[in-house]
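Below: a set of structures, written as structure tokens.
Both complexes below contain subunit A, partnered by subunit B and then by subunit C.
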Partner chain A sequence: MAEVAVRTTQLGKTYNGGVCALHDLTLEVESGEIFGFLGPNGAGKTTTVKLLTGLLKPSAGSCSVFGLSPLKKPCEVHRLCGVMTESAKMYSQMTGLENLIFFARTAGIDAEAASERAEELLKQLDLWDVRSRKLREYSTGMAQRLSLARTLVNRPKILFLDEPTSGLDPESALAVNSMIASLASTEGVTVFLCTHQLRYAQDICERYGIIDKGALLACGSVEALSRSAGLRVRAALRLRENDTPVDFQRGEDGWWYTDMLQEDEMPALIKSLVSAGHDIYEARIIRPTLEDVYFRYIQSEDKEALL
Partner chain B sequence: MKIVSPEEKSVIQKDFREIWDSKMARSTMMVVPVVLLIVLPIIFLAVILNAPMDQINGIDRMIKLLPAEEKGLSVRQAMMYLVTNMLFPMFFLIIPLMMSSVSAANSFVGERERGTLETLLLTPLSLKRIFRAKVFGCTFFSAVATAVSFVVFSVITAVGDILLEMPFFLNWNWLVLVFLLAPGITVFGVVFMVLISAKSKSYLESVQTSGYIVLPLIFLFIGPLSGLFQLNAFILLIIAAAVIAVDFPLWMIAAHSFSPEKLLR
Partner chain C sequence: MLSKLMKYEIEATQRIFLPLYGLILIFALINKVFLKFNMNNMSGISAVPFGITIVVYCLLIAALMVMTLVVTIQRFYKNLLGDEGYLSFTLPVPAHSHIDSKMIIALMWNIVSLFVSLLSVFLLAINENNISNFSQFCMEIGTFFSQYGAAAYLLLLELIVLLVVSVLQVILQIYAATTVGNLSGKHKLLTGIGAYIGFGVIQQIITSILMNFGHGLTNNWVDLNRFFTGLTDLQALRYVMWGIFGLIVNAAVFGAAFYFFTNWMLTKKLNLE
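Our next item is the complex of A and B:
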């Protein structure tokens, strides 16, 4: 069984003003996994990251990162992790290279190794040409990539990334995502990815937690979440004009749709349609997307709140 | 054993650079010592050397402020003695206080304001080491700036003493000021700034708040000038001891209050 990288048990946080930002969060993330933590703004994602990295003290419950309590051993946790949040900025009067060297030095890396590591990351993140420019002269995308480089400077075992692709153009967002995926697959880095960019999340995450108003609504793979949300796999078929199969609904695009319990039903469905005399021009399976699952949970939560 | 680790040294160097790169901090830290300990002493010296003493109002009353053992001085020498021992000690003590509070405001409040404190708190450096590096850096910076200011001031005053054929100005009062009260005030300025840093919304607000701690200092030296009380080395020694004694508990409280939750509120 894989090592548990992140564990939270009934974790809660109420701020001084009485605002409950998180309650009763219980989840586990395995080592090497890319876990997508999804939710709208103000759902409690950043609070969770701050609790897991020791920047906040929990009001209830407990949490650990590779078995270490961020509350009791924040330095050890920081030694293992790289954290990128929207509020954690870098030094604007320093160049990209100087920033990375500084953060490498604070991680206990000696001057020569810090310089080498900084140069390696700048090249990897396509920032080599702007290494001598001050951070204040960087574009949003460049600054975001430099922040990602900072999180990697101490070769972390786990990355806490809060909206790492926000403000990035699609090309840079894809590059960042593929880098995150490659870190997990080649170096076994665990990634705790907070985002509301669902399409990017679906590309790289293995499991998801959906959070809203400080409460975890669901946790699991897209398939498991789809099942528990009552979302079904659908068969989509393009038939000859004016052909009308029984128990199918016609979509606006002219295709015919029907729900299936499992993907395995597709061959039998096609066989039965062909034997019934229908000509099938195209057929495909439509699986529920992360976006479908996410909105099903968030909207059902809103409806419950209204009731 | 090294006083600071390489990690702490990089934080200190980074803080120095940030202070230097801040136009407001840099100009304040350069202009104030230059005006208080270079320009004003030169002006006072020029006036004492050249102004017709019999035409200056209130000279007699000022000479009455001289301690008994200095009664034999000429009018010009008496004026030099008074400004050197009653006016410039106040100006001198403003330097460590201002240097420490401006550097600490930049290092603590400024870093929070710029959003970089959170990033620093996420490094493997412990809170204790970040606190120590920042306090040590600000104290060291203020101490060096104060020492340089004092050396320049000493040269100007020594020139005045030579021209006026007076003994060198450095007496027991000045020794207590330079070696005990100034370091005590430096630490006080840094620690006070740490204490208010969690509550200050901006760098400017924290510097303005630190202005209040100059008031007791002004009272301390306006008193003797107005004839209310006399300051001697012994009284200054007691004041220095009191400031240093206050520094320790304040340091402990400041270190205790230096927590991510309070700082990033």
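Our next item is the complex of A and C:
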């Protein structure tokens, strides 16, 4: 059985003034997994990260990181994790290199190793040329990448990343994503990724949690979430003009679509159409995307029925 | 770890204090030059430059006092409870290390600010007329030390310790009040000020109760004055030293209470919203 990296049990947080940011969150993330925590702004993603990293005290329930309580053993938790929240600001009066060396040294890394690690990360994240500039001279994207570098400086076992690609151009965002995916696959780093950029999340995450208004709506892989949401795999076919197959709907692009219970039905479907005299020029399986799943849950009026 | 945090604190604050210290000393010297060459002749328009520089000098002294307080509060709040809080509290260091580093560096700047202010006044005030008085004063201090020996050195040590402990107690009281203020959703500043005043009131009440208990031994201040009158200088000095020791203990006990309260708040009641 895989080690559990993150466990929450009926975790909740109500801020002063009675604002309930999170309620009854129960989930588990396995070690080495890239878990996407998705939701619109104000859904409770950042609150969850802050609870897991001990920056907030829960109003209800409990949570642990590799079996350690962020409340009772915050230092031990912080040794294991790298945290990047949306307000990715470091110390503005220090240069990029000084910032990384400072955080490496306070993480217990010796001076020489800290310099080497800082250099390695700055080069990986294309910040080496600006290493001597004060942080206040960095652009948003550069500051974001430096913050990611800080998160990685102590080689953490788990990363809590809150909108890591926010403010990055597409090329940088892809580079960051590749880096995260590589960390998980080669070094077994667990990633708890909070984002509403579904395209990037789908590229790297294995399982997802969808949260809205402080409540976890669904949790699982895209396939599992699709089944729960009633989304099906579809067959898409391009036929001869004026050809009209039975039980298919024509799309605006001229293709013909039909739902399937599972992908295994495709060969039989194609055979039956060919047998019926239809000429098939192209055939595709269209699987529900993360975006389809996400919006089905978020926009559904009857979310209870989907759980 | 503490040394790294302290080094960062110094780097973050020296760019505020060092230029201010430089300006104060420069304006003290400028005013000194004005006083040396123009004292008897300044009137009307010729007094304007001196008037400006002396006002600037006074404003700089006032600014230094205000900035020392503001920086003490602001560094604690911003770095631990504000925007940079998540950076600080995701470091693998215990909360008390953050308190220790800020407290020590705040103490350093408070004492250096006091020293720079006194030095600037000395530079401004010293001249040929009063340097002999100053020399006489130094000689009398020397006589005091040679007359009372170890007791005098102990008194000096006590005064230094009292200064340090008193400043630390005030700093820690500010930190404790700031953590209380942070618990409030919308009125953090007002709550913090209220907490600071509240802590001060509690401290005064407890100190008054203890002092009244001590006075009970001699019944009233008149008896106390009569008591001292009947003592030799050395005996009086020793009682003064005991009194200062009592002040040190008072400041140390309350300082420790504020320290542990602040640490408890940052470990058990941390809420970085």
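Just so we're on the same page, the second predicted complex is superposed on the first by the 299 of 307 C-alpha atoms of A that agree within 3 Å, B and C clash if a C-alpha of one lies under 4 Å from a C-alpha of the other, contacts with A are read in each partner's own complex, and residues count from 1 in each chain.
In this section, a residue touches a chain if its C-beta (ideal position, glycine included) is under 8 Å from a C-beta of that chain, and two chains touch if they have at least 3 such contacts.
Nothing here was measured: the structure is a model prediction, and the numbers come from that model.
Answer with clash or fit: subunit B and subunit C placed together on subunit A by superposition.
Once both complexes are aligned on subunit A, subunit B and subunit C clash.
Quick one: is A:T140 in contact with subunit B, with subunit C, with both, or with neither? Answer first, second, both or neither.
A:T140 sits against neither subunit B nor subunit C.
Applying the touch criterion given at the start, work out whether A:F102 contacts subunit B, subunit C, both or neither, answering first, second, both or neither.
Both: A:F102 reaches subunit B and subunit C.
Identify the partner contact of A:D110: answer first if only subunit B is touched, second if only subunit C is, both if each is, neither if none is.
first
Give one of first, second, both or neither to describe whether A:G54 is in contact with subunit B, with subunit C, with both, or with none.
both
Looking at A:M90 after the superposition, I want to know if it touches subunit B, subunit C, both of them or none. Which is it: first, second, both, neither?
Touch status of A:M90: both partners.
Classify the contacts of A:S272 with the two partner chains as first (subunit B alone), second (subunit C alone), both, or neither.
neither
Give the one stretch of subunit C, out of 5-13, 41-49 or 221-229, that collides with subunit B after superposing.
5-13
Is there a shared patch on subunit A that both subunit B and subunit C touch, and which residues make it up?
The answer is residues 16, 53-57, 74-76, 78-79, 83, 85, 87, 89-91, 93-94, 102-103, 105-108, 154 of subunit A.
Which residues, counting only subunit A, touch subunit B once they are in their complex?
Interface residues on the subunit A side: 16, 53-57, 74-76, 78-79, 83, 85, 87-94, 102-103, 105-108, 110-111, 150, 154.
Within the complex, which stretch of subunit A touches subunit C?
Answer in residue numbers: 15-17, 50, 53-57, 74-76, 78-79, 81, 83, 85, 87, 89-91, 93-94, 102-103, 105-108, 154.
Which positions of subunit B touch subunit A when the two form their complex?
Checking each residue of subunit B against subunit A gives 6-7, 10-11, 14, 17-18, 21, 114-116, 118-127, 260-261, 264-265.
Can you tell me which positions in subunit C touch subunit A when the two form their complex?
1, 4-5, 8, 11-12, 15, 83-87, 89-94, 183-186, 267-273
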